[in-house]
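Labels for the chains are A, B, C and D, by order of writing; each one numbers its residues from 1.
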Amino acid sequence: MMLKIAVLGCGRIGRMHAENIAAHPRASLAGVFDIHRPAADEVGGKLGVVVFDSADDVFSSAAVDAVLIATSTPTHADFIEKAVAAGKPILCEKPIDLSLERVRRCAQTIGATAVPIMLGFVRRFDPGHRAARDAIRTGDIGDLHQVVITSRDPGMAPVAYMEASGGIFRDMTIHDFDMARFILGEEVTEVSAVGSRLLNPSLMERLGDYDTVTVVLATATGKQCIINNSRQAAYGYDQRVEALGAKGMVISENRRPNMTTLHRADFTGSGAPLLNFFIDRYAEAFSAEISAFVEAIESGNPPEVGFEDGRKALVLAEAAIKSVAEGRTVKISEIG
Amino acid sequence: MMLKIAVLGCGRIGRMHAENIAAHPRASLAGVFDIHRPAADEVGGKLGVVVFDSADDVFSSAAVDAVLIATSTPTHADFIEKAVAAGKPILCEKPIDLSLERVRRCAQTIGATAVPIMLGFVRRFDPGHRAARDAIRTGDIGDLHQVVITSRDPGMAPVAYMEASGGIFRDMTIHDFDMARFILGEEVTEVSAVGSRLLNPSLMERLGDYDTVTVVLATATGKQCIINNSRQAAYGYDQRVEALGAKGMVISENRRPNMTTLHRADFTGSGAPLLNFFIDRYAEAFSAEISAFVEAIESGNPPEVGFEDGRKALVLAEAAIKSVAEGRTVKISEIG
Amino acid sequence: MMLKIAVLGCGRIGRMHAENIAAHPRASLAGVFDIHRPAADEVGGKLGVVVFDSADDVFSSAAVDAVLIATSTPTHADFIEKAVAAGKPILCEKPIDLSLERVRRCAQTIGATAVPIMLGFVRRFDPGHRAARDAIRTGDIGDLHQVVITSRDPGMAPVAYMEASGGIFRDMTIHDFDMARFILGEEVTEVSAVGSRLLNPSLMERLGDYDTVTVVLATATGKQCIINNSRQAAYGYDQRVEALGAKGMVISENRRPNMTTLHRADFTGSGAPLLNFFIDRYAEAFSAEISAFVEAIESGNPPEVGFEDGRKALVLAEAAIKSVAEGRTVKISEIG
Amino acid sequence: MMLKIAVLGCGRIGRMHAENIAAHPRASLAGVFDIHRPAADEVGGKLGVVVFDSADDVFSSAAVDAVLIATSTPTHADFIEKAVAAGKPILCEKPIDLSLERVRRCAQTIGATAVPIMLGFVRRFDPGHRAARDAIRTGDIGDLHQVVITSRDPGMAPVAYMEASGGIFRDMTIHDFDMARFILGEEVTEVSAVGSRLLNPSLMERLGDYDTVTVVLATATGKQCIINNSRQAAYGYDQRVEALGAKGMVISENRRPNMTTLHRADFTGSGAPLLNFFIDRYAEAFSAEISAFVEAIESGNPPEVGFEDGRKALVLAEAAIKSVAEGRTVKISEIG
């Protein structure tokens, strides 16, 4: 009774997902598709599965129980709509779309569908971040007061990527907006954001974008969450979550490839840098995400992180953009 | 050639300063004064020094080379003016005054005096924070981009103290505003702040104050500094400074009374909590502060942190208060 | 061109190896065997592979390229001899045998065979220990002087297990003897050992065994290696390797399931205990071991850790036993 | 009611003690003496105290309540005998003498004196090591089983020093022998030791000494203690104490001048090396030692670490020397 999952999109992330599905004890890879055929052929050949000729073939195939959408962002909403129409459960990479308007139309189109839709906010499945969340929920730190999310990429993405990314808030901070909601456990009502152009000012100016940002979120009960982002952390992929409560603090710290330390006259510490590549850093989380998808379908429970979570993270991004532009705190109700 | 320093104010901080002066190899304690005579008698008796009958006696005494002002805040500006008039170098506890207007008048009164005035922003002298600052100045982390100052008291101060404190921004964050300027190395131009009432909402509402605040500072070149404060950290006095630059990061971490760790079935880590009391946490810094004061006087160089630094920190506090009240980013030029 | 590996022995370790082989990109599971048929049926059924009726069927099968021996210790030498006779490369769990005499006879029987034999000293493949070894070999710590191996089980094994184990030196320290040789990079010439009965004195006395031991090894050039073992570490499976050299030190520290820390009034540290179970602690190492076996066969190079390494570790165990019994330093030449 | 303590010996250690006594709230410096008069003049002049013409003048002075002996080792026993005769409490730097025979004669001479004698095993007063000892005594780790003392000097001492030192076991390990007794809480009955010549083989051979040693101690109940020493740790003064018990482990870790960490592409860790100089590393311990001496005299209780502790540490050194020479475990009863 293996769940047969097809993967749409055979880029770096799609390929990784395809391998994880193939290795999963209760799922099998039902085939792959990519608009760029050679990419699909390579993955399909390596993993010994069928290569679909079109996305429509995937949605109409009786051999496909569920789909994982890892294609380019502009296709996400269309594919979600088609998969819902075909009754196939969906695990879709973030974001649903860069346009909040398109997300709204997609929501209207799919309506109150019973088809499970899971959004790929993979960090929720990281053992460390999840242990922090659990410590909060079980009362280990008392009432939650203040959250600090540090999230810095190891290095600037390629220019072409950034041009199509929708800007740092929609592309990079979006993960942190979801993490903030995951950790806070209640909805954000106000957003203030500050953006700077420090790494590549001329490019950022041309794109109307920022490379270094700070966002402060607040909930109706006064809980605060600080997100700090940089497009470049020379020391590796910096991914930390800290939460202060009335009775203590919990921190999900950075991870390294090993725990070996070197001690010499000039320094003592870790010879190994932080895990640098998001696929390595979140390797366990990507596996756990597939498991959570499989379990949701098996159990009939809604996925832990769904379409509405995708929309809400995008709303926070819009609010942050507005806050930077207007130099003021923006209420979520202004975006809604 | 010992520098003879008198201490005004024999409360908890004044007494500690008196002991540090007495133990200093190039300074001696010239006597103590307190408006509450028994307090002065106790300290004077214990350290074997003269007890002055009045503050004026201190300023006029030929046996006093310099003064350390550790009296209550409302007396600071007056005593600074009198010490300047008497030509006696001053080490004054922060803040100069809770009123920016009073600080301005004090500045006018003392004018372009040659008398050295040092402000007691003791954290600048902490070996860890200073090592972080030095690492930045020597280029270890490249151009500075983002600073995170975590500064949380171990527990709520007494109500009476908070009523007279001028509010969290003028009382507690003021240290972090100075630390921000120390680390950033350039002036702050914009302030956005968020305040919450989470620990004692009814008291905070009555005082028009906050117990949990986040402040985001930005400089003209776009450097960002995030300050997060809470009046209560159940795990101890949380004092960290983190700085991200183009080439790396430096962190001044918390300190403990010892480096002993305990490993048991239920947890592994430090049995000893963080140093809990500011006088213990910053013990080395308080000593180093006295040394810096003595050296400034000996060398004739201006003290590293002076009157104008005291004023600027207060300006940042005013801007933060305005930012919370108006829900918008406040430019320093609006306050200045 | 997948390498088809059969697994003999479907206990806890055999099953884990079978799963790792099935998941390996360049190996496939050729079938399983266990003298207890239901155990083999369960693993074979779950992984969808053939279940062999006898060990001889495995050795004679044309569908088997290589074998992994994870049966009970007394069968190891026999199966090695049969696999060599059948020309099938071998990955054999440690030890070769509890009797040095039987190991010698096995060596004589197989002679100078060209069939690759790899011994399952899995810790050599741990990323942390290997990074330490690499740091030494590349000169990061200069000439090696002193090694400290801390190796403590999370808890006492069952009595039946210990009765058949051959004693702590042959059963538990054997891994550390191999680690010592791996780290030292030269042969041990002298052994002194001390054994205590602290956890279960009456059982240990009955078995003539020890639960807490310290062994000091020395090489001809004077390099020292200290091994400390306990059958019980209440805080988890303690596995550390430290090496001191002329220019510095390298330490492979313990590992945890996540990097989340908890900070409360009574302690600050890791809420998560050390990884407790050897299969979890060395999960990456067990995978890497299979890869190393596959690569050795593919390349035709001898496996990194072979029959002779198995024999030498056992010689060190014999020397340690003699040292405790006689209260003196034992030269390896006395055992050899 | 200050305790007036005179210091004999104005070298590096004597000077430090003199300063600590001068700064102590309940002690005062009664004067100094050194056989090399200029050294005494310098310290006496700086601290404003009398310089004695001879050691006998110190012992006979009515202005001296107690003495601290920090002269060269060969004078210790004589001065202890004279101070006892004069009825003056003694804090004497380790060792009592390099000759166990001389120590025995000294013991006979002073007999069952009521004059307090404290031995300067300063490490017992280190906050970290003491917290470890306390954790053991209060049952935090259950019954004690295994202790590991890592004790490595930052660099080789001068040749002249080593020639007069009595060898590594009497000079350097002696501190660890005392620490072992402090942590174990029961007497050592057996000693096995291994010595190597790795840092400077020709010098060590000439001196009949070793630069890298490992000692394993055992008590009658089977508790084990491993000491590892090196004359050179390139990364700083390595001073750790680890204790394993039935319920857990406690570790007193190394100390650094600050807690600032640097994170760069090539490494992440502490920019600051370990505290390198024993006077810095054990600064708090040296102060606490003076306090313990003062308190013992004030209270009339025997000092925590006395003459007999000094003798027993030397016995362990003799046993270790014999063990290396004879390649066997030596019973303490053989040394007596």
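Rule of thumb we're sticking to: a contact is a pair of C-beta atoms (placed from the backbone, for glycine too) under 8 Å apart; a residue touches a chain by one contact, two chains touch by 3 or more.
Which chain is which protein? Per UniProt: A, B, C, D = Inositol 2-dehydrogenase.
Keep in mind it's a predicted model, so treat the numbers as computed, not measured.
Among the pairs B-C and A-B, the greater number of C-beta contacts is found at A-B.
Seen from the C-alpha centroid of chain B (Inositol 2-dehydrogenase), the farthest chain centroid is that of C. For the pair chain B (Inositol 2-dehydrogenase) and chain C (Inositol 2-dehydrogenase), the distance between mean C-alpha positions equals 57 Å. For the pair chain A (Inositol 2-dehydrogenase) and chain B (Inositol 2-dehydrogenase), the distance between mean C-alpha positions equals 41 Å. Counting partner chains per residue, chain D (Inositol 2-dehydrogenase) has residues 141, 234-235, 247-249, 261-265, 271 touching two or more of them. The residues of chain C (Inositol 2-dehydrogenase) lying in touch with chain A (Inositol 2-dehydrogenase) in their complex are 23, 127-128, 131-132, 135, 140-141, 247-255, 257-265, 271-272. Chain contact summary for the complex, chain D (Inositol 2-dehydrogenase) toward chain C (Inositol 2-dehydrogenase): residues 141-143, 145-146, 148, 150, 152, 190, 192, 194, 196-199, 212, 214, 216, 218, 221-224, 226, 228, 230, 232-235, 238, 244-249, 327-329.
Those residues of chain B (Inositol 2-dehydrogenase) that touch chain C (Inositol 2-dehydrogenase) in the shared complex are 234-236, 261-271, 273-274.
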